[in-house]
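One structure coming up, written as structure tokens, with questions to follow.
Per-chain residue numbering starts at 1, and chain names A, B, C, D, E and F are given in the order in which the chains are listed.
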Amino acid sequence: MINYVDTAWMLVATSLVMIMTPTLAFFYGGLVRKKNILSVLMQTMVILGVVSLQWVLFGYSLSFGSDIGGVIGGLNHLALKGVGMQPLEGQTIPHQLFMMFQMMFAVITPALIVGAFVERIKFSGFLLFVILWTTLIYDPMAHMVWSPEGWLYKLGALDFAGGTVIHITAGVTALVMSLMLGKRRGCGMGSSPHNLPLSVLGAGFLWFGWFGFNAGSALGVSVQTVSAFVNTNTAAAAGAVSWMIIDWAVHSKPTVLGVITGIVAGLVAVTPAAGFVTPVSSIFIGIGGSLCGFFFVSVVKKKFGYDDSLDVFGVHGVAGIFGAVATGVFADKSVGGVDGLINGNLHQFGIQILAAGVAIVFAAVGTVIIYKIVDMITGMRVEVRDEQLGLDLSQHREAGYTLID
Amino acid sequence: MKYVIAVIRPHKLEDVKAELDKVQVHLMTVSEVLGCGRQKGVTEVYRGLKEVSNLLHKVKIEIAVNNEFLEKTIEAIEKGAGEGEIGDGKIFIFNMEDCIRIRTHERGKLAIG
Amino acid sequence: MINYVDTAWMLVATSLVMIMTPTLAFFYGGLVRKKNILSVLMQTMVILGVVSLQWVLFGYSLSFGSDIGGVIGGLNHLALKGVGMQPLEGQTIPHQLFMMFQMMFAVITPALIVGAFVERIKFSGFLLFVILWTTLIYDPMAHMVWSPEGWLYKLGALDFAGGTVIHITAGVTALVMSLMLGKRRGCGMGSSPHNLPLSVLGAGFLWFGWFGFNAGSALGVSVQTVSAFVNTNTAAAAGAVSWMIIDWAVHSKPTVLGVITGIVAGLVAVTPAAGFVTPVSSIFIGIGGSLCGFFFVSVVKKKFGYDDSLDVFGVHGVAGIFGAVATGVFADKSVGGVDGLINGNLHQFGIQILAAGVAIVFAAVGTVIIYKIVDMITGMRVEVRDEQLGLDLSQHREAGYTLID
Amino acid sequence: MINYVDTAWMLVATSLVMIMTPTLAFFYGGLVRKKNILSVLMQTMVILGVVSLQWVLFGYSLSFGSDIGGVIGGLNHLALKGVGMQPLEGQTIPHQLFMMFQMMFAVITPALIVGAFVERIKFSGFLLFVILWTTLIYDPMAHMVWSPEGWLYKLGALDFAGGTVIHITAGVTALVMSLMLGKRRGCGMGSSPHNLPLSVLGAGFLWFGWFGFNAGSALGVSVQTVSAFVNTNTAAAAGAVSWMIIDWAVHSKPTVLGVITGIVAGLVAVTPAAGFVTPVSSIFIGIGGSLCGFFFVSVVKKKFGYDDSLDVFGVHGVAGIFGAVATGVFADKSVGGVDGLINGNLHQFGIQILAAGVAIVFAAVGTVIIYKIVDMITGMRVEVRDEQLGLDLSQHREAGYTLID
Amino acid sequence: MKYVIAVIRPHKLEDVKAELDKVQVHLMTVSEVLGCGRQKGVTEVYRGLKEVSNLLHKVKIEIAVNNEFLEKTIEAIEKGAGEGEIGDGKIFIFNMEDCIRIRTHERGKLAIG
Amino acid sequence: MKYVIAVIRPHKLEDVKAELDKVQVHLMTVSEVLGCGRQKGVTEVYRGLKEVSNLLHKVKIEIAVNNEFLEKTIEAIEKGAGEGEIGDGKIFIFNMEDCIRIRTHERGKLAIG
């Protein structure tokens, strides 16, 4: 039976998750050089279009269709066949609405990866990569963890709103992509953000949208929804403040880029835990996500010298792994029905690590293969000249800003 | 006729304009530039990556003057722009062969003012 | 009786439609030259203010007051007299909330037209035009199609969320305005957008707001709301992707301006159909809207050489007409209770064409007359000097950006 | 008992209020000089982080904990102890959600003050100030007016959504701060906004978020919620249009900065009244807020010459006081159960003035003391060199925009 | 060899370029500047505060030409930029000692075109 | 004293600065310009409207040097900016009459460095 309160909330939550993708574009876009701003926005908006269609046509079916070996969904929901208004078992919202909410997750995951390959990827290669990656990595991963028939789901892996499926897979893919694509030209280890205010705008709206992301993952309005909501905000705040403080201590000044990075790290870390932990635990999770992210971004990356341009791995991957594990630590029966390590449940802790491990290996291996295929077909990196000219002009024949008009 | 190019601190623009006004120099062309000089740039830090940029925001002023105004103009700029600390800027002086006022087709000294 | 779930949703939907107007301002604003950015933002924000007041004072009454000849409402709801909390017959939300939701439609319609006359309209003329146009064109049009006593409503015209009332009238008005005002100076056939990222920001939020626009038009939470929601997203995605592909094929590169234009074209096309068609049909509607828009914008306009500066007619008018007709084609009883051409209902198809025709003629004739009147009173186009200086300085004594500060 | 419809709406309303803080940052940020844009964004985003944590850890307890003398709350809710899902007496939403909604108010109040001390405050001083001010001024003020045990609450002061607690206290604090800090260097009486479009963006979203602010203050979905919603929009529109008209009359041109300032003034004025007055009254309240604001901003401030840089006092303080008083004038039993002066209730009018007076004195005295303390510990104003260089570089080692990249 | 600096109204750039094209002058460097001249600035008003800015948006064109092209260039600019009203702008002429094309290391007259 | 104006490709700025550093030329003023040269602009396309802009983003470097530094400076710029393809840019050399360091009021050769 449809519960219309739950339905109303899920309409809102889906809209909130939708707006995260365009605003993520601005979070990323502000950090690149002027000549590449449009390419970042383009890639992100195109993902919104392409993955929406992929999902309607076959992606949803591959993720939530009838199970094949606990690993992937069948083709029974192609073009939304059989996806009507009748709620799925155990749910209270129209099946189509569940499909839409999940669609927005499928959209934002590849969009997160964009940050790793900015300023040097060929648009055609990018497009092919996104389609293949969503189909071959994301869809099975979503099936394994979220479909009631998925093997990780059955094992009891906790992933409230996509820490494993979304942030770990995206983060690991980003790392692999940045290693395979090589460094950007003319950036040394980085370059000044061309328009930091745009990134702050993006971060503000990511925080806003994340309410839908996490509190929407309860798939209705319940006290767990409220818990997820409170935890989301608290972890974001804790992430922001703790990154600010470390920045201040280590680099002598608090920075706005640090604060917005901390916000995202805190939000990522709390994502798998949102519906399972207490508000006080979410403070620790936010701090932990921020600390891990800070360490990777300003120590590890510098040491290894890979060009994960906008720190997708450092922020999403690392804070995502931390969050997945922390969920196994901090889970509290009184909130979401399951206990974690601090409440003596070692078993759950083990499952969490297993699920994170599976996501890491699956995303890494899959990305290497897809990269090779795409590189053969369209090529993945632009010509030197095109990179120097900037992707906006070379890939899209447009300029972000006029100098004189 | 002389052409004066001065590179100064951005926040001194108003002061320089005021000093120039006092000596009856009202016409000029101003633009935004990045200066690389003795003044050390502020180290910017982005996610822990330090960027020791030695390109600092400066303002460039260009003034065409008749010879008799040259020294007054230089003094006015010095007065308006000087703080006595590294980074105050420089003034470059050139000989200008001709000057034309587009509106009236006037040439030379007449066109400058 | 008030249904509070429906009420809660409609509060949200109304807020979502409200934010479309300021973000439309950015969609348009990014496309003009630097010296006119503020004038675009000003016009749009002023519409939000002025039409809100017009609606409360007498606009709502003219649209939904007691019927006069099936063409316009009476004055019984002046200053919201008699508009209380009791739901209207057949509705489940407070009357005042219905009034508010409709207000946002009345606001955005003239705001859409702004794109046609940017960079050359006099502010005083603009203001008078907007007040007259809203009162004399929009209000009757809304009455005819949406008031239960309106003659087109009675005929059975389907316009789920305003394809005819909003997009066709706005598009046609835009065309007339651009013909009467003449071309902008110093632009040739166009000019580079001064800040394309602003337009992308606008497009992202238009998509977001459109969920409220279309799914809100169900006036409550039902399975039809969910249908409208799913169709909105699907058509937007289809519009984006298909414009990208044609652009790539015809102009050799995919462009971000193309993608965001396609998004809007897809959204416009699905607007009248959102609550009546299946998701798969909405793919075709999105593609159709995009194709028609593309054809007008890059072929027809070039040929005729009118300066519909930001393609209001090309996108809203044309995709709007396509959508109104497509609704008559694709409507499916199982979704919204009515069948269209593909399900053998020729009658509905005819009505759709009639309604679109009425909107076209009414808007075109009305606009010509209003234009003449306004031109006599305040003048409509700025002086040459003012146009060259830019409207920001000449009309508002402000500059959008500082060069040195 | 939890009402899930109310809960769903309050989740949305809380999200809407949350997004006001980042968008307020843009409203303010657009108005400063390029070299200080990041400092404004930083301060605002840091408030979002820091006050969120303060609230969870002890702020909520100080505001809504067990009463101490009608003036401040006790420590019984430290770290949300005892703040669970059980609704408070007389409420229908989970206690944690009420806490979250109130948190967003606690966040935005100090954020409003930022506009008074931009371009010259030291970041460390700012941070300490915000923590002390929120704890020592905001928390007690919220307790007095909103806690059922607060003495002003008991007296019957009407403050629907925070006119007194939020706008008057913020406005008065802003005035005191600007007097104590002194003028900015190199600005004369003001400076051109470096990026007015950012401010327009901020204003658009403030309007949007304010729906949550005011209509959310009903703490659920009822006809009063709808009243607050309608009044919010109407007052914003009236504020915008009336500021435009006075601007036009007095300064010869209508300006976009005027329109967006009028929007905020209208919204501020209607805040305390939103759930108590009729839509027609809200037009007068919007106009009144705008007129008072205009008078202070362009006459009084000029005369006294203090540098309330972005007119926090002129807009929030003055329109807030006007609104608090106007609530006592226009309140109508049929809307919110209480009558005001126009309906013959002189008593209520008196209480409103008393409450406003308390807020003014309390905020003013408290701010002076906190200022002195902070100034001794960290210093409040930056060095001359740092101010000239800009706060972005001097306080945060970052630049908002690149010139060449 | 001469170096021509012209400061013109922004909306005249296209016209000037067109006129220059006609006399076979295709190479130039363009930038955005603020000009302080006889033309009165527009008074901007922000919340009632009037800012009489006399800094107006202008466009600066720089052209290196061989001597025989100088007069043609000046005429073309005058033609393209002139409206006959205050604010049309100025042209400044300098002697240039040398010119180098980086690509070919050519020097002097050869390098200009 | 000489004044060197070089117009180069934006992404070559770092290389040019590095080469100049090697020959002890550290002081300069940099700005963003649009260049109209032999290099064909990229055709931008907006909703099907092609804009063949021949105005390309370039970076302009200005350096005041003492005579003995002139050749070194030119060589360093050539080395740093040259790719051997159309669009590499140009260098323009002028005689400078005087140079003043605002901070110290020094004039001439002393003021340049």
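Keep in mind that, in the parts below, a residue touches a chain if its C-beta (ideal position, glycine included) is under 8 Å from a C-beta of that chain, and two chains touch if they have at least 3 such contacts.
Predicted model only: the values in this text are computed from it and were never measured.
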Using the touch definition from the top, list the chains contacting both subunit A and subunit D.
-> B, C, E, F
Please pick, from C-F, C-E or A-F, the pair whose interface repeats that of A-B, with more than half of the contact pairs identical by residue number.
-> C-F
Between subunit A and subunit E, centroid-to-centroid distance (C-alpha), Å = 50
Chain centres from averaged Cα atoms put subunit A and subunit C apart, in whole Å, by 34
How many angstrom between the C-alpha centroids of subunit E and subunit D?
-> 50
Subunit B, residues touching no fewer than two other chains | 30-32, 34, 44-46, 55, 94-95
Listed in rising order, subunit C residues that touch 2 or more other chains are 5, 8, 12, 35, 192-193, 201, 251-253, 255, 257, 397-399, 403-404
Touch graph across the chains, line, ring, star, complete or other?
-> complete
Subunit F partner, complex, touching residues on subunit D are 403-404
Over in the complex, which subunit C residues touch subunit E? Could you list them?
-> 35, 185-186, 388-389, 393-394, 397-399, 403-404
Subunit B to subunit A touching residues, read off their complex | 44-51, 53
Residue positions on subunit C within touch of subunit D in the complex are 2, 4-5, 7-8, 11-12, 14-15, 18-19, 21-23, 25-26, 29, 37-38, 41-42, 45-46, 48-50, 52-53, 56, 79-80, 85, 94, 96-97, 99-100, 103, 123, 198, 201, 395-402, 405
In the complex with subunit A, residue positions of subunit F that touch it | 9, 11, 14, 32, 34, 42-46, 55, 57
